[in-house]
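There are two complexes below, and they share chain A, which is joined by chain B in the first and by chain C in the second.
This part shows the complex of A and B:
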């Protein structure tokens, strides 16, 4: 296993290609680190012995956790903390979600459709207005009208709250250096944690239900808003701020008339990222009682009913695409010419919505007409059955999808998992530390090692390594495919052009929906979870790689060309080494994104930590769930820190 | 290049708007000790940075800006001009020294009083415009008034007036991003004018503009000054701009004022080698007035030859002398102050002392 830490010792005689790639990942510290690790491994073997995490080092937290859970359940109706604080929050959430939901219902399907179209028209133009109307109509057609409204209601409340919360946090972080320094690492860390990790603490406090779902969504969606608000406020043009001060503006005036408006691009970007994160979480939170579209997918996946899952998944995809496009277009419009008569446009939109909604009411058709639905579940399931019969196995030459999954499990996942679990625990810690040091700094290495040790101490060493094995397999596949595609996209403008819209769409989709096609193709198990993770993480890796390779200084490339380098030599000796920061970032993002989905894979038979978390939630066994959740957090931290480049770049991050 | 003969002397030489004494601005840790310690204060820039980690941007500067004059601060990049002008309204807090505006101490003002100063008494025009990108031209011009709390209708009305004044009619509803550099600076100028300040401060307002636009804008400033007689402090690194606009020029080097005087004094009597080097390429005949080439009139010269005003440039005198072939008389209020002849004029152009010259001047 030390093979992973020894890239720097690659012999000079190895082919140029391999050397180039290895050089990308090896700093000058590489050799030293390897030697140190090797010595430590030998010493460790002599003094500590091998085997998994020693039982004596486990601090089993389930006893206290059970007690805490019981205490909360017992006191939820009586204790002042719940009566006067948490209870009010919970009630407020329920009331506001209900109010939005009822308002949407009262608008009727015609009113909601009209409102969606007109809002899109005002902020993003006619084309997106038509797209929105079509998307909403498809939601109705698929028989998902009510779940769509439920999800929308939950999202409206959650987005409003997280924009408020994130905006306030961002305001303090943007205006006060101290708060900025404190909040930054917290927000950074929150953004790399898998969505699943957020579910358990809120369930512990609020129990399963809409309040927990909304609050988890708020907490998950607020960090991007806070980050971007702070970024925007800090980035205000110093020249403009000086001019404003020179006119004698008060602190308040400076903030309201200059700093905030100057940050409006970032604020809007924060809003749009918050919306996308909220959608992703609102769907996942079905596991803790969010209801709506996510719940339909969740139920369907539980009974491996791909047709039903798809019927609910398509509206999710459409919502994601429409929301992303509309907010994106709104951002682009910001810089453009001032919209004359903007007020009139909004007035028209309002009046038309009211008229349409009124007409809908008068005609007594508020809910989506039953006759206008298409049942796709059955035909889809038919198709899936056909696939199961014909594609799962025994296809001549290529084998079948189930065969692939089985082989991947047998030949890759099992050996990897068994190997990791066979490794002495201290060897794992050492490797983690050495890798983190190789890429990052002492600080990241320390955090990573401590996080891994915490997993052992929590007593979930083996399931965590199981999850880790899935992550490693998925990351390996993602990086091979992602680097190849990314480099290809950077070197061929045509491929780049073809890929961009595809990546755009794939980057907007919530993690949850990736489970549907893989279950259809591969059934349930660990292999499908890995496949979903690969598909989810691939777009970000491809994009960051392509951007990194494209950003390589043309002068360096030109000079190498003038020395007569072949295309291959240029790629391996100039472009990839120079794109090292971007490639490292791609690895980091790949790891973070893969982990998020591998954990969710617990829902489709991925087992390990994800399953523990789901099991804990489903069975009300909060201790198991919380321990798994904490381990997920630790694993996320460790994986992020191990792959965290010294200077983290704010390149395109996929929602996370 | 033609110099505009607008060297109208300040109406009352003793009445100063800004009065700056012993001003220091030092950037860096524990900056106060630099002005306090004469030894540190005497160090060169690199030595000071090595010893203390500080940069002295403004060193021991004193000057007065008189009412109605255009006071130009000129110097090379990094000489401390921007820092100096920002100290005047405490956009940068000075390290030591005193600044008074109309006799009132600026450094002891509380924040309310300081805001009052910035709102009504001194308005600034910036090199990089500092316009608000999300506002229209009209709202940018009205911004200063908005800050003061002037109602929407009134401020728009007044802003529209200044938009016209700087020649931006018809562009009221554009955004800054839709304007050229010159037009943007006109907006900046209008914004400063709209608050009707006592002093206008310009920090290299035209450096980012191309030469033709720059000349237009300079003429705009000259016109404004002629029409309104507003006091101006004008920062520039362009000697020609300084000579063209300035009633008096302070020449800065490494934070110090090395010479303060009228354009004629700067060009005619450079205080040291540095200034001499600086003004070497200036066409002297266009800056210096005939006074510098004048000699006392001999008997019989009082009546003959073309008459010139004492404010006329040597360039004009050469033209007159060349055209008529006779020596020119310098006449003020019907009285002949002296005459200029070929030798005197050539001496000025060549930059060599004229033996016959300076006697009367």
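This part shows the complex of A and C:
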């Protein structure tokens, strides 16, 4: 980070006089910003006038984009670029997914279950082994055996590719300062983008199908691996490195024997994060033909069958929970000395798997037995029907959910959207810049303003502000609920314990599953999109808030108590102020997550950018879809930068 | 550092070589992109595209049941939107589309131009798109079924989303629609509100119907929802050949379209019994609706619904099987 622009960190290198000026500036930063903004507002009103983004500043890319799309479709079967490069990538993906899928099928259900249990036993212990076996059995019980295997095969390939790609990128970023400087902002940015925005470009090149799905997943899941690899390599203990170097180790030896082993915790964390991102993407990628569990969710939602969607969603959650716990446990065990009989244990696991798989083969029961399934769709649909029948409208006193939705749209969303769209374009840019400057640094402010300007230049200013209004409303609701719940969970151990598994499940449920129940409750429009976004973002906000409040120094609490502070005073005057960094992080996370779902809200009438992206995918209309996708990217960038607290950067930079 | 870079370059090169070795040298054929899940376990597989509406699911369910139980194939299905499905069909990722509502641009590009797609004949079902109001509302206000009177009812049809105008509810962005142009060119005081997906649109219609509230919606026949929520079509200016040629200037009703089947060319020639069966597959609007209703309303799994239909209609499907 070149921090010379920020007054705080410029101090050491500046001469005394400049130092004084800067200190004054730093002290009055907020006030100065306000004054500057006011002056700029007046100047703008005089010279620039009002209104939305001026047409003269729009560079409409739809013509060239349309031509590019046509060119690709027309030349895909014959052009050397496809025949000798992209076609091979596509084929390699198909071949590897197929190999894994066939291997899983050959193992049979008994073999796969045994393998899962034994691997979990070896890396994570008996309890997790039992959990894994139970989870796999549930996937079969729900009648989702084949889709689960398909998703698993796709995941294995996608995660392997992500780890390879992410690892290589992380290696270069970790070893070379210049690469690190170039890659850091790119990776940071990729992590905050909604998954939906990645789909269109890969579909364009590869067409609908598994290769596109795998590549979109890799692009989405590789950045965390790269970031954490780089972080781990850079965090290597300087003393150890010095010692290794003084022993005369070559560069390669230093890397292989010291730096990589020292970074293994981060590497495992990267792996686990990649897996979670890949699972999340596996569902969204069903829109572009990924098949498997995600496709089942998507198909069930098409016939408004929440129960069947849930039956396909549960295996995804189970896979996520099991993989998360197993990699987590493996990470914790890393520090311990390896058991002496590790090799024997693995051999036992291998032999048992082979025996079980062989037994399954011989008995001719490779596929999950048809009789062993449980139908959860009907009871779930019954419950959903009951809810919508009794809550939709006409509930005495409070009114039905439909009435709330209408009121929320009329009194919150409409004024917010109209207000934003009424604002002169330069005032929006100015506000974004000022806000970003208040919370972050010059650098984040510049990025945010440029991103917003890019949206205007793409010619989607109005729909982007429509999306923005939905995001703002959803974030406000999320933060009110999230802070309240988070504080409550931090102050009551019992509530915290009850909430934790619920949060776990809600965080891993595919975003799609939320969409239909919210339509049943709130009708079609922007209100259900906002509601789905709130439900999706709430767990993360609650968790970060609770952790932040819990992490407050107990000594500070104790001393305030001894001074006679009431519980309320403690909360508002000690805990919350001290937890400020965590709260800011919660806001940032909330914004990013909300945007991801508000965009998918295009599927339930959210309109705006999300609808354009859906339209682009559905109609194969590259111009509309890519422009909307780019605008979503810019909006995500701007929102992230505006809410990005400087503290987070410092945390991320730890050991750099 | 230089050594590391060399090592990285080396591994990249090795990966490239491995990639080429894995997939065979030379040119990759982008028109042979079968699904990785196809043909597993030494079985012959057919991959069918399912569109998101339930009528299309009914076609696929019955075709799948017969292919699996009578002809011994394994069938994979993939849900793809209408336009991308053409591309997938051309690349061989799917073998057949069973219900297409008319895409002249794609027909020109893939059938006449590239020759990667072949016509598969009529499905036997005629599709029609139109604007519909619930029958209970049409009975109360008989003149609402004439487009000229729609403006009178704009106030009744206003919602929070339609911004002071009447709401015309549209569905999925993937469907064929001229509604925005129609509203403009007919001078209607309405706002097109896109539900964003058919599922969302159906959910909304059912909720409104339960409370006997009025609505105006883009909808299409055949569709099972008519059995649950009776709807009456609003008469738009009559359709004439070519009146919808320019998307911006459309001011007439939607045509009646005989729905078509399309097959991947390579599959049509070398697909054996499966291809012959799919070419002969032809049923009626009523039959499709029966199956669709079982799937969407009774919440039967598509397979279960198909097996019930197959049990009762042997005379119909016997004729489809290749002799």
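The working rule: the second predicted complex is superposed on the first by the 535 of 656 C-alpha atoms of A that agree within 3 Å, B and C clash if a C-alpha of one lies under 4 Å from a C-alpha of the other, contacts with A are read in each partner's own complex, and residues count from 1 in each chain.
The working rule: a residue touches a chain if its C-beta (ideal position, glycine included) is under 8 Å from a C-beta of that chain, and two chains touch if they have at least 3 such contacts.
This is a predicted model, so every value here is computed, not measured.
Student: After lining both complexes up on chain A, report clash or fit for chain B versus chain C.
Tutor: fit
Student: Between chain B (first) and chain C (second), which, if any, makes contact with A:262: first, second, both or neither?
Tutor: In the superposition, A:262 contacts chain B only.
Student: So, A:240: does it touch chain B (first), chain C (second), both, or neither?
Tutor: Touch status of A:240: first partner only.
Student: Could you figure out whether chain B or chain C reaches more residues of chain A?
Tutor: With both complexes superposed on chain A, more residues of chain A are touched by C.
Student: Looking at the overlay, what does A:229 touch: chain B (first), chain C (second), both, or neither?
Tutor: neither
Student: After superposing on chain A, what angle in degrees do the C-alpha centres of chain B and chain C form at the C-alpha centre of chain A, to the nearest 10?
Tutor: 150
Student: Examine A:575 and indicate which partner it touches, taking first as chain B and second as chain C; both and neither are also allowed.
Tutor: neither
Student: Taking the superposition as given, does A:469 touch the first partner, chain B, the second, chain C, both, or neither?
Tutor: Neither partner.
Student: Touch check for A:150: first (chain B), second (chain C), both, or neither?
Tutor: In the superposed model, A:150 contacts chain C only, not chain B.
Student: After the superposition on A, what does A:191 contact: first (chain B), second (chain C), both or neither?
Tutor: It touches nothing on chain B or chain C.
Student: Check the superposed model and tell me the shortest C-alpha distance between chain B and chain C, rounded to whole Å.
Tutor: Result, nearest C-alpha distance in the overlay: 14 Å.
Student: Once the two structures are fitted together, what part of chain A is touched by chain B and by chain C alike?
Tutor: Touching chain B in the first complex and chain C in the second, residues 250 of chain A appear in both lists.
Student: Spell out the residues on chain A that touch chain B in their complex, using ranges where they run on.
Tutor: Spelled out, the residues of chain A in touch with chain B are 237, 239-240, 242-250, 253, 257-258, 261-262, 264, 335, 337-338, 340.
Student: Can you list the chain B residues touching chain A in their complex?
Tutor: Residues 89, 91, 114-120, 123-124, 126, 128-134, 136, 143-144, 146-148, 173, 175, 177-178, 188, 191, 195 of chain B touch chain A in their complex.
Student: Could you please specify the touching residues of chain C with respect to chain A in the complex?
Tutor: Within the complex, chain C contacts chain A at residues 1, 3-5, 7-8, 11-12, 19-20, 22-23, 26-31, 33-37, 40-41, 50, 52-54, 57, 76-85, 87-88, 91, 93, 109, 113-114, 116, 159-161, 163, 169, 172-174, 193-204, 207, 210-211, 295-296, 299, 301.
Student: Write out the stretch or stretches of chain A touching chain C in their complex.
Tutor: 73-74, 76-77, 82-84, 86-98, 101-102, 105, 150, 153, 168, 171-172, 175-176, 203, 207-211, 250-252, 255, 286, 288-289, 291, 295, 298-299, 301-305, 307-308, 366, 377-378, 381, 388-389, 392-394, 402, 405-406, 409-410, 414, 515-516, 519-520, 523-528, 601-607, 610-611, 614-615, 617-620
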